[in-house]
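Read from first to last, the chains carry the letters A, B, C and D; within each, the first residue is number 1.
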């Protein structure tokens, strides 16, 4: 068994609006001197520490947990899973 | 965290030996200004603390008032200035958490929160805006999650708070008198720590609060966890219902050190405890760290062996950890062990009773010059001036703030925020009205009269709802007390408050002193904050819709008192002048008359004149009712003054009352009988706010336009810069 | 007639709801802690508002995994009236009992204010006493109250008459101004505004009668005449 | 000029607690069947789209923006910045 750090990034699916990202962009960033930013998207990340036999299984397990426990809402969000050792 | 050299000597002579390192930590925490009140305690005694409704028993961290029929209310006020200045979200949130636990520790359920917020000039200063926005979110996230309504407060901006923040929070609790915790303990009783785990976060917080910001201690950042606090509240109240609590104490500044030593000292017992039994966030914490950690959301319970099992069951139900950390001993020693090894063994009356100081005081040099009036630039367009005031951050509606707070949860809120005081219904059919007020601009110019003014203003706000003031909370916030000039302003404010409280027989039921409020560019202006609680036996005045043809009566004299006014400071950029003074006899007469009128149900709306004076107060009635008003300045009661002074003077003891035509006669009868200075100064009609002087129109503003600016300008400023 | 009020860790409108059920409408209400099941003799279930599990991860998602939800699901199938208010609505959505999802308000802030609802479906056990399109003055208090469904689901909702309440004006960016929905059978209803805060005249500055009809409807659906 | 995607991950500094992560772990994940997870930490991510001449400058610019606009409070949080092309 080894310990893995698995990062789950939850963000809105394309087409779903992200008022928070838009607000940070329009009311904060573009009001300043930084005009070369064209988009900001927000996401939430969960960093799991998991004991598993290998990287692959760790990823699979976390994907299962995310689906089963509705860590993200599939109607509006998608997840990306990255495993680190 | 350390003691002053002479304090160390004092400690050594009291215990007759060298203190251990743990003892030093414990004593330093407990003897800090924040926990010991060493600069202020001798003087605070002057405030009247008793009265027919006050219930005082040992060990309460909040004031208790009997509201009849077997019910009590509890109240307390706190600030979290230093933490909020560096981490406004967490600082403000944990401030709410702390004051809530004070309410809980008397055995009452918290039913309302108030917040008083002060920052630098948000129009110019981005840092101030950031602090403000995050402090509001912190309070919202914490109070909303607990399901305790935040029903009132105040917001003020002044350059004296640049790069700093004053975040004051007050809370009110309610319960049955028979359910109050009667703090007591017997030898062999168990000492239980319940709630959040103890961690390295917030180590040295109370010391931090007693230092000025430069020496900031970064470990003093606390992460709020309102979810645990909510569980702690429910678990404590359930345990109280099962009579499982002999004594109860919240953990605040000074952490376990203060909670254990103060509990032991007030109950006249000793406590032996083992730091290994404390549930911690991380392993390997040193006993010193465990004793002074200010981790949030923790309560200390004294129970006994028979009750323990049930207590543990309740904690388990709510998934909160509770650890038996020690037991009650005879004697008065606070004995801290780690396993078998002793780390501290010291008498609690030494720990809990710091050497009180008699600090020197001296009238500040600036005070004489500042009260001189200055010749101001004449203003040609007073409509524009009023419009600017209405949209200014200090006067604009605070709806952007209070609409982020759940102010309805608990279904008690009869008069909602946005008017003067808010009103809650109580289970015995009575109503509780409350408001907090401060006014550093006036307090700076005249510390005594300014403080009295805050007190009277809070009373006025409560009186406007039909409530008789029954109790007061004071929060005295000043700079470094070691500076005699600052200490003088502290004493003057305190004396003023004492005089007012005695004259009006309003007992002080609690308070807090916060010193060392220094910003990078010097001390803050004196900022006493006064909370007043009022009781309504029968019916509160719930503002009714103002209609065409209703009359506006002004009660109280307008005087040449514009020192510290928004008109002088915001419009003319002039700090100084004649500070408004409360005439006690007149104040009393006016309060009584307003209460009479409300009791007789003769008023539709009652609003006090405060910031921005008559002009703003009358406009507020127009804007909230979306109706115009024709006012005659020559009728305004009081001294002969220029139009601008009549409009914007901030003299105290003044009320605006809206009256249905048919009641005018009866109203006048009452006012004449009470020998009150008053006049009918206006009539509601149309859609313009119009102040006339004889035939001249001095101010002419569209209600719609004014209302839009008043409602949205603060939110616009915060969100879109 | 027994109404169950389900309490989750962090629920905070449970006591308000209980007061309204028992003191105002004289119903026999009982609290049920989320870890236990519900007895068979319950005639209606209410999931009150609050911050179950501190709204962590997403409002309602952790509570949706509570043991009690399995029983709520069974009762829903049996046609027993179930109402979720605010966080209760979020829990019903997260447990799949109601369609859609509740997102952060477009203002990004918690919003506590009075607003008007329009009754769009008066065939549910909580709306039967309303006239169609009747107006209800009522307070909202939420941070994640923006109802969202995609276009196809919205069509479905409309087709099945599942939209129960709409806001009169745009309040928080909800799809089609939706404030409350029901399941296909109509017995499970979720709404973001708080009817329990609006049924007593003392605390309702506008008009307490419309909100009362929500509870009157429940009484009548359970065959109680008031 | 090229377009870069810059991910800013904001999380509590080590030693500062993360109540949300704890609740997700204790009240959701560990209540299920997944006992091999020992820790969950939450983080917030902002994904910026920026026009810059090179990767290095893009990273520097974003760091500046985050500091200047107080996107995070350095007292509590730390940020990690990753640049993608």
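Note that in this section contacts are C-beta pairs under 8 Å (C-beta built on N, C-alpha and C of every residue); 3 or more make two chains touch, one makes a residue touch a chain.
Labels paired with UniProt names: A, D = Phosphoribosylformylglycinamidine synthase subunit PurS; B = Phosphoribosylformylglycinamidine synthase subunit PurL; C = Phosphoribosylformylglycinamidine synthase subunit PurQ.
Just so we're clear, the structure is a prediction, and the values are computed from it rather than from any experiment.
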Contact-richer chain pair [A-B vs C-D]: C-D
Geometric centre distance via CA averages, chain B-chain A, whole Å: 41
Whole-Å gap between the CA centroids of chain A and chain D: 10
For chain B paired with chain C, centre-to-centre distance based on mean C-alpha positions, whole Å: 36
Set of chain B residues in contact with two or more other chains: 225, 227, 319
Multi-chain contact residues (two or more partners), chain A: 23, 69, 71
Touching two or more other chains - residues of chain C: 9, 53-54, 56-57, 61, 65
Topology of the chain contact graph, where touching chains are joined (line, ring, star, complete, other): complete
Contact footprint of chain A on chain B as seen in their complex: 719-721
Contact footprint of chain D on chain A as seen in their complex: 3, 9, 11, 21, 24, 28-29, 32, 34, 36-52, 61, 65, 68-69, 71
Contact footprint of chain B on chain C as seen in their complex: 9-10, 12-13, 15-16, 19-20, 33, 49-51, 53-56, 109-113, 139, 141, 143, 194, 196-197, 200, 202-203, 205
Chain B partner contacts - residues on chain D that touch it in the complex: 12, 15-19, 23, 26-27, 70, 73, 75-76
Chain A partner contacts - residues on chain C that touch it in the complex: 57-58, 61, 64-65, 94, 100-101, 103-104, 106, 108, 148-150, 173
